[in-house]
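Each chain carries a letter (A, B, C and D) given by its place in the written order, and its residues are counted from 1.
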């Protein structure tokens, strides 16, 4: 299903999605973030600081609550995520690609019900990038494209005063069907303009990872490279890069007690972060990744080598957030290029 | 004006003469026009050093990293390490020495005066819609290179808030210093932003902070970038835990959890409030925490509040003296006590 | 940590607790606590059967910790800890939940009081859940005592302690011991000669083999704690060797410098080289370096030349000694409130207006006028003398709020002495009321009124001024309601007593507190009147508050008894609830070192190190440490956190 | 992640955690008991050695665990059993109080008082006043952790 939507009709479409909670990027506190749309959606954003991954993988997920009364067996109360259908507008192709990777992780071998319960209720209405969103975009280096519909349910392309709207999945079709008459049919001219816009978008210069196909092997060969520590010398060990990454999915599970006698509390999953020192720390105090260099290597190798070995694709989708938001200039493109350039 | 060549020559000479084992400074990053911290150890690297309005980082953090690295590797440094330090960086270096984190002789401070222009607040530039590929100091202006050519902007329009209110842009504590002492050239009165905020009534203030604490994602960038947050284990929500041969199983099992990992408002709030209280009298307003916050939580207001209380109620100026007592470890008979019933 | 086995014992305290708190319900609620394996209630937990029940339960249930929910820990914490110890438990794993004073006695509603008692008890259970077994710290003691102040209080204390076989160092700021008592003419109510009763004691001090006398000396620094103080004492040079000095007065005879004599409160003069008074101990001259022309033979050197025995040495240097002592008695005495403060009474500017001590010197046979009462301005015999009581005392708005206690008595004595010297003179006494509680005191005052015919006028004096060679006294007699005007030849002010100059400094040096009036604070107003708040430091005499000689002597002997008791044991036991450093977390920032009021923390290899003997366990360090690298044992952050939870559950 | 506002109940009783120093305020509260001076039961005391030992974390923790008010009470200035612990506390607590007010938490939720061992009546008055001042504020939800 492919349609045309006049820009001034966008709000009408949103209004028609009465069964859905609609979120879209809004500018608040000087940053773009996904927020409930309140009826108005304006897709003039550069990419959001936080990717939309939280819709299906929130920073905090309560698995169950527990209670242990003295002399009685423990009582567990499972908690399931509330199921509300959620349409997220303005998702950029890198983040769509991110969703594909997250889906892969949480459904491989074991299906994560908490993730799935949320994910199955989320629809991504993407927006192609006619121009790179920032100076650190490099989606084309990691098998993506600024106009890709990967991971999307609908892909919109800005054609000036109108959007070219294409359904990607059945959910996407349903979303568009709900809009009904707000859409027009695309003319041949529209189709031509779409093609041209996409071609132009692909031709926009981006940052590049050199010889990307050889990267996994070269990284594998560089595990013991002294460069890791050198490149991480400025790293302050915060978690901004991974918390903002559309594909980082590591988590921690803790019991958060609300009472110690009787023992009561919740078992909670929270995002974890390979850049934190205690991420791989053993009880003994031994830490196999004992310095920031090893932690940087983990982040980069996971994206560019291990994920490749496991799933045949780069985990990194080239959104550039980890570069832009790094306060001390740690740059994943630079790191990959530097480390691999010395390997034969 | 700071002569970059002087800075490079100083670094080069000291490294060549083996007077220091490294120089902590700035170089060009691969992220657009921004500078990034670097530690150079060879004389030939001196030409990598730069000095421009994007040199906003407080490099004293890397003195902390350096000491941690030495402690971790059990290495003994026989030479000092040099640091390029702005007024604020020098003050935080003083606090670190006040707290014995290292000794004065271990550090060679190459002071750089901000000469009253301060450094750039990148967000203000973005707000102005300027995409630049280079930036430079020029008198009271910053000069940016953009696609449209050179763009000259009065520094005060895009300068970091802390620089607007800076009382001491000249690094008093130094071994050598580059640039002129233009102390007193502050553009806004100290605590201007704070005063503006305090005009809000309590309900409005709560609404504001409620919203801010709700947004925190607890990436700990604020803590990680702070030179004063050098604790091996943060008492509120640690992402590290020093284990030694003497650490008992009991200590490992029974750590005080003042907050939980969940990034909910109450937890976030407790984290930030504790941090602010622990920085009282130690924070010297480099405002790195606010700069690095990916979601723009205005942390400076909180730290400023404590700074002003310390100054006005206790006559305490953080980073003023290496030998003086710490704010919360000392008291005066004249400390205010009217609030006590 | 393996889980604790805690027993909870809830006391009814007869009906004291049980009337407002449902004790059964408290015991039942506690039995639901995770660590609690036994929870009982009993009518009187502190009684023998009650204690035995606890004892039995500890054994039967293999308890490792107990909580007694009862009265304030100030009353029975020791009882129950000792009891727990009898059962083989470590006494520091016994906690008290105060459900009487802090709950049952202050609330009426049984439901809410019970609920609060549960919270308090639960909180104690949590604390006990993480209590460590601790052993008291044994501290060896130094069997030597420092007495500060060589007045009657210090002398008495030093003699008592020395007689018990302990070594004493007696430190006196001035060149002689004796203090204010030595300035007195006669003492009330018996009118025996002050010098005559004091001098033998002073000689005893100087000859006592256990007393080391350090005059002209001040305590500069005190470190350490009970049993082991390190004191630094600085002795000023007297420039005269007391061993050689023959007190022949040849030196003073040639000394060209004349200054007021402090011993006579300025009523006489002395030379720069002088002996404070004839019977001074040590019996030696002292060269006042502030008055001397320069301690230099080129400038003067007359005294040195005059001294046949070569006792004078201009090159004598100050001497600082460090001594170890086990206990300290502070007897730094009083000073009179300065006349300068009394603007309404001339502010010290009117001739022939004297303070009480000056009058003593006028009456004293060894004094300014060789025992003849002559007024200072013209050396005539005063015929009308006005004595004014409560000068500066009992005046919270302008001067001292307190009663100086001895003025009623010594004014009566003054009036009497005056009348004995000048039988035809008239003695007027202005008073607010007469406080004469003491053995023979009331009779004494009555005798002065009736037999010596002193004229007592109830009222205050509003103004003094000089007129026609007399002092015009304007006052009121509140009994007749009439204004009174007296043209007096002399006026004597019974000025308030205040802590001696330097009391604030010595309090700071010793790290002991002062009360609101600046006197040294006793640890408890009733039960610990001679102890300071710091263990091992005791108080004697007027430094602690105004008192007369018998009372001063009693307190000095009491302090001595305390010291003797303290040092009669070979070791002292110090509470083990002291701060402990987590080395892995300490960065050596020194904040705790700065915050510690006891100098108990130092840096050792870049880490804080607690001197457990000095540490009092106040926890100032732990609240200051941003890293939680230092905590007080059995009051840890974890315990407090769990107690908070228990209070809010 | 928003938290539910605690429902306003009609029979609201403020819950207070009262940190009392062992030597003065705890003894003062004992005296109130001995004198049988009645006061509201809302405050549960936790005895600590000295106000100087009270870490700001204790205060934040109490609020986070749902205390409607927190009281810190110790010896009058100059009377500290540990000489200067209350001086250190006065400075630290000032900062805590200012910070709480700054972020918009009602200033009346947190209180410090000096109550000597002789001031049983004052202790009861401090509690009475605190409870009365807390009542109109309703339950404290701002710092309280609201978990599902």
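FYI, a contact is a pair of C-beta atoms (placed from the backbone, for glycine too) under 8 Å apart; a residue touches a chain by one contact, two chains touch by 3 or more.
Given the structure is predicted, the values throughout are model-derived calculations rather than measurements.
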item: Chain pair, A-C or A-B, that carries the greater number of C-beta contacts; value: A-B
item: Chain whose averaged C-alpha position falls nearest the assembly-wide average; value: D
item: Inter-chain centre distance, subunit A versus subunit C - centres from mean C-alpha coordinates, in Å; value: 72
item: Whole-Å gap separating subunit A and subunit D, where each centre is the average of the chain's CA atoms; value: 46
item: Centroid spacing, where centroids are CA-atom means, of subunit A and subunit B in whole angstrom; value: 31
item: Distance from subunit D to subunit B - Cα centre to Cα centre, in angstrom; value: 35
item: Multi-partner residues of subunit C (at least 2 other chains); value: 595, 624, 637, 641, 645
item: Subunit D, residues touching no fewer than two other chains; value: 1, 56-57, 61, 84, 88, 92, 145, 147
item: In subunit A, residues with contacts to at least two other chains; value: 59-60, 256
item: Contact footprint of subunit B on subunit C as seen in their complex; value: 1, 130, 582-585, 587-595, 603, 606, 624, 626-628, 636-638, 641
item: Subunit C contact footprint on subunit A (complex, rising order); value: 69-70, 259-263
item: Subunit D residues touching subunit C - in the complex, by the definition given at the top; value: 15, 17, 26-27, 29-34, 36-39, 41, 44-50, 52-58, 61-62, 65-67, 78-85, 88-89, 92, 124
item: In the complex with subunit B, residue positions of subunit A that touch it; value: 29-31, 33, 49-50, 59-60, 135-136, 233-234, 236-240, 243-244, 252, 254, 256, 268, 270, 273, 276-279, 281, 283-285, 290-291, 323-329, 331, 333-334
item: Contact set on subunit B toward subunit D in their complex; value: 198, 202-210, 214, 235-236, 258-260, 262-267, 269-270, 273-274, 276-277, 280, 302, 305-306, 309-310, 313-314, 327-331, 333, 335-337, 339-341
